[in-house]
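Take a look at this one; I'll ask things after.
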Amino acid sequence: MMTAPAQAEEASFEATLARHDRIEPRDWMPERYRATLVRQIAQHAHSEIIGMQPEGAWITRAPSLRRKAILLAKVQDEAGHGLYLYSACETLGVSRQELTEKLIEGKQKYSSIFNYPTLSYADVGTIGWLVDGAAICNQVPLCRTSYGPYGRAMIRVCKEESFHQRQGFELLATMMRGTDAQRAMVQESVDRFWWPALMMFGPPDADSSHTAQSMAWGIKRDTNDELRQKFVDMTVPQARALGVTLPDPDLVWNDEKGGHDFTQPDWAEFRDVVSGSGPCNAQRVAHRRRAHEDGAWVREAASAFARRQQQEPQQQEAVS
Amino acid sequence: MMTAPAQAEEASFEATLARHDRIEPRDWMPERYRATLVRQIAQHAHSEIIGMQPEGAWITRAPSLRRKAILLAKVQDEAGHGLYLYSACETLGVSRQELTEKLIEGKQKYSSIFNYPTLSYADVGTIGWLVDGAAICNQVPLCRTSYGPYGRAMIRVCKEESFHQRQGFELLATMMRGTDAQRAMVQESVDRFWWPALMMFGPPDADSSHTAQSMAWGIKRDTNDELRQKFVDMTVPQARALGVTLPDPDLVWNDEKGGHDFTQPDWAEFRDVVSGSGPCNAQRVAHRRRAHEDGAWVREAASAFARRQQQEPQQQEAVS
Amino acid sequence: GAALAAYCLMLGDDALVHSHRLSQWASNAPDLEEDIALANIALDLLGQARLLLARAAAADPSVVPALPAGSPVPPEDALAFFRDDADFRNVRLVEGENGDFAVTTARLLLFSTHRLALLKRLRDSVDPVLAAIAAKGVKEVAYHRDHAARWCLTLARGTEESRRRMRAGLDVVWPLHHELFRTHPVEATAAEQGFGVDPAGLAADVDVLLEQVLSVGGLDRPTVPPTGPLGRGAGRDGRHTEALGRMLAEMQVVARAHPTGRW
Amino acid sequence: GAALAAYCLMLGDDALVHSHRLSQWASNAPDLEEDIALANIALDLLGQARLLLARAAAADPSVVPALPAGSPVPPEDALAFFRDDADFRNVRLVEGENGDFAVTTARLLLFSTHRLALLKRLRDSVDPVLAAIAAKGVKEVAYHRDHAARWCLTLARGTEESRRRMRAGLDVVWPLHHELFRTHPVEATAAEQGFGVDPAGLAADVDVLLEQVLSVGGLDRPTVPPTGPLGRGAGRDGRHTEALGRMLAEMQVVARAHPTGRW
């Protein structure tokens, strides 16, 4: 039996959701709502951090200084997104440290797309165009998510992601105006990333375990299949503008439904990748673990120094 | 005052030297003879080991599979030479472990030539031609050195060095038959290595502190300047055959002395490099130190395993 | 011609790429003896690679990348230095960064155990060149396998630290192991036509040998999940890890700067 | 034109190469804040490099490597991606491998302290483009210097381990420090003609600032010997360490594979 104050709190929570208003960190919330948010925000934050790797691998090989600057700034933005999102998670009482541990122990997920390798510079463009494009479809509705800090972080993230998406498209468009070899590189890259991009919206609604509850709580605003359809419909004209062929011969406009019919990605592959058998799962987690462990002595030094500074505030002045 | 048996031992030692016969590990020898030998053999062994680095750096970039095989085999030979020479040193009662420690602590030297960087694939050829060429001039007389194990190690080393020298010459000759860019690469490399190669024979006789005693003991058979002259006279016709210009406008044949006149290298630079200021001193020692430290756990495991095998000999059989 | 060439590229690229990785140990090994041993193994594999790439080029000259007219670059080098990563046909196992000595040992153990089984059968190839390459290779790779097995055991039963690292090393390479035994259509054709070996048929034998090494070392079989393909392909289809592109950038830099060079 | 171009290449290559090394920290830094900070610094330096290389190309178009007819590669990229290591004019200090975070911190401290002093004077360049680049750069590099000094102090006064590493990091980079203050003939000309700065004149000021950081950190001035030139030249003469060639092999691989590519 609930106590009267608890009942009042729950009613207030439900009323906030019904008004499409925001839940804030100090508000009462059901434990499962909190846990679902932590899981989702952490996964999102981890995706930003792991997502630095496949693109970051090309910073040192960017073929023009302008592209090098754009890519470096983008990878930097991803670190920034990770920061906002870990902060949002911290408002729910979980520290960045705890979340990082879970990531490198393989106990929390990140977007499965980053378990695919980047094999050419065109992949930098394709990730911007298709992967960031898919991310935006997923994320724009999250700007209206019911948990305040998460929604506000998403507004900032989405703005930058749109910018990245346009930059990715622009890189591909430029390459398509280049040499035959460059055009072939773009097409090969799109061929590789199309199916994994479709997987980014998660399994078909019929198989999605979390969707219903998340929608009821206002954490999620659209189903996986709705978002996937939106992405396909948005992408087809862009592909045409680029002059690339999406690798699905059955992709056609369906007048009746007012959207495209398209082939589903290989969901068995998706399950394999999610459960750890993707081409890069081990590599990505090992990289993050190594970077984290290599940096431990620096973080320890910073903490020790900060403690010392608090104890001897006069020193601080002498220093600055 | 010496005791009678000590006098007899010394007389026998001197007699052996006078006969140009070999001193063997169990023979009596003066402490300074032993120390000089340890210093010289260790320096020689260290040179082989450090010498693996400048050439080894190009194994992964060798421009043909044949050259990759030749270079890999050469670097492997250098490790082998290091092994023989450390073994020769061990007959004088100093372990490889001790010598390695002294090397990575900067307490023992190696040939200053390896403190110069390798900056193009032509350097692999030039090191073979000029550096191994100079080494052979230095080392052939050492095959007749008075200490047996050293002399015998040198016989083996010299045979392989001659082979390396011919391979280096052959690489340069092939490149000289290639493109203009390749010919320019060879010339630039020879320009860089000529002076350091001349330094390999050590300072002019007038400034050489060890030569007189080493010659008296039959450790050394020729002076630095004699060997340098021999090297220059040997190299000039080879340079002509290759079609490269040695970077010394004053290098001319002197009929009277029956050898070439040539410009001395910059002995101030030589002193700087020997005393630690060469372009690569810090890098070479740091590389060796890192490799040694990275391998510590492996060497410890091998010792622990060997101890265990001795204690449980029946296990060994089960294994093999 | 085409199937034989494709098959030779697979075996040749395995040897070439693994040789390259092992050669990176030169001047970096735990001791001089190991510097020498790893260089030996790298040299053996490089020799196998050269013979196999030459055989591929002879069987189907169209596999050799085109170079500027008059370029003196021989076919083996055109194949090694002028193909992009997507044209390499090696399994992904051999292209990973070396890691520590335990990772290298684990990789060599898996690769050489497989390759020894393969070469033993390949001695009966109807292609006399392949049969001869295999006959020579068997002796070499038997030594590689012994060397790896001995180190695996030494590390497993050495110190606590070496045991921990040996386990971690096996965990790193194990996920890429199964790709060696996945029959590619080219390998199926090669087996059918009698010039090559279906690797699936080697799995059981190899497994027994590995199990033996693990059990003497007191090592559990790793439980890490296998690394999946990339879409419908893997290394044999030219679908590689990010490591191969980086490796080739270094390996090919001098050759590509001088496409008409003589070396 | 020629002296101005040569001078701009020196400052531009310093920025380009150091930026490249710092960019290698992306996704490898000790924490996210530092990932962001190092990327920021790398971006600032990359921006400076682009302006300086463009100025070099404008001042003397003959410094720009020739590319195939019709290549759309802009001058800044032709300079960055189509010169060989011997044509780079950066000091050797900036081209070394990153090492650990202490080595990177030490290198950034030495470089940014020097560069800040340099850019402050370069604001008075008679070349208005250089003066403008310097004015913008001063604000950026002041932040780089503060960042490096703060970390140097933090590590020096953090834990025993961090102090040990900070000392070792200083020992790694200190031998290459003096090259920054060696006046190259091009720099002498630049100072004479009023468009550039004689670096020898910066040494005393820079030294005072470094001494201050060292003393607050309780760090002794390293006693390691300086790294000598290579023959009669050093970085400013195109005589580099082995590290630069390896760095460029990676940096230039894509651009060189597509000499007529558009990016």
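By written order: A, B, C and D. Residues from 1 in each chain.
Everything that follows uses one rule, which is that a residue touches a chain if its C-beta (ideal position, glycine included) is under 8 Å from a C-beta of that chain, and two chains touch if they have at least 3 such contacts.
For each chain, UniProt lists the protein as follows: A, B = 1,2-phenylacetyl-CoA epoxidase subunit PaaA.
Keep in mind it's a predicted model, so treat the numbers as computed, not measured.
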For chain B, the least number of touch steps when starting out from chain A: 2
Whole-Å separation of chain centres (CA-atom averages), chain A against chain D: 35
Residue list for chain D, restricted to those that touch at least two other chains: 246, 249-250, 253
Sequence positions of chain B contacting 2 or more other chains: 61
Touch-based graph of the chains, sorted into line, ring, star, complete or other: other
In contact (per the touch rule at the top): chain pairs: A-C, A-D, B-C, B-D, C-D
Footprint of chain B on chain C - complex, ascending: 16, 20, 23-24, 26-36, 39-40, 42-43, 46-47, 49-50, 53, 72-74, 76-77, 80-81, 100-101, 153-155, 157-159, 161-162, 165, 216, 250-251, 253-255, 257-258, 260-263
Touching residues on chain B, where the partner in the complex is chain C: 49, 52-53, 56, 59-69, 72-73, 75-76, 79-80, 82-83, 86, 121, 171, 174-175, 177-179, 181-182, 287, 291, 294-302, 304-305, 308, 318-319
Residues of chain C defined as touching chain A within the complex: 85-86, 172, 175, 224-231, 240-242, 245-246, 249
Touch list for chain D against partner chain C, complex: 246, 249-250, 253, 256-257
Touch list for chain B against partner chain D, complex: 54, 57, 61, 116-120, 188, 192, 195, 269, 272-273, 275-283, 286
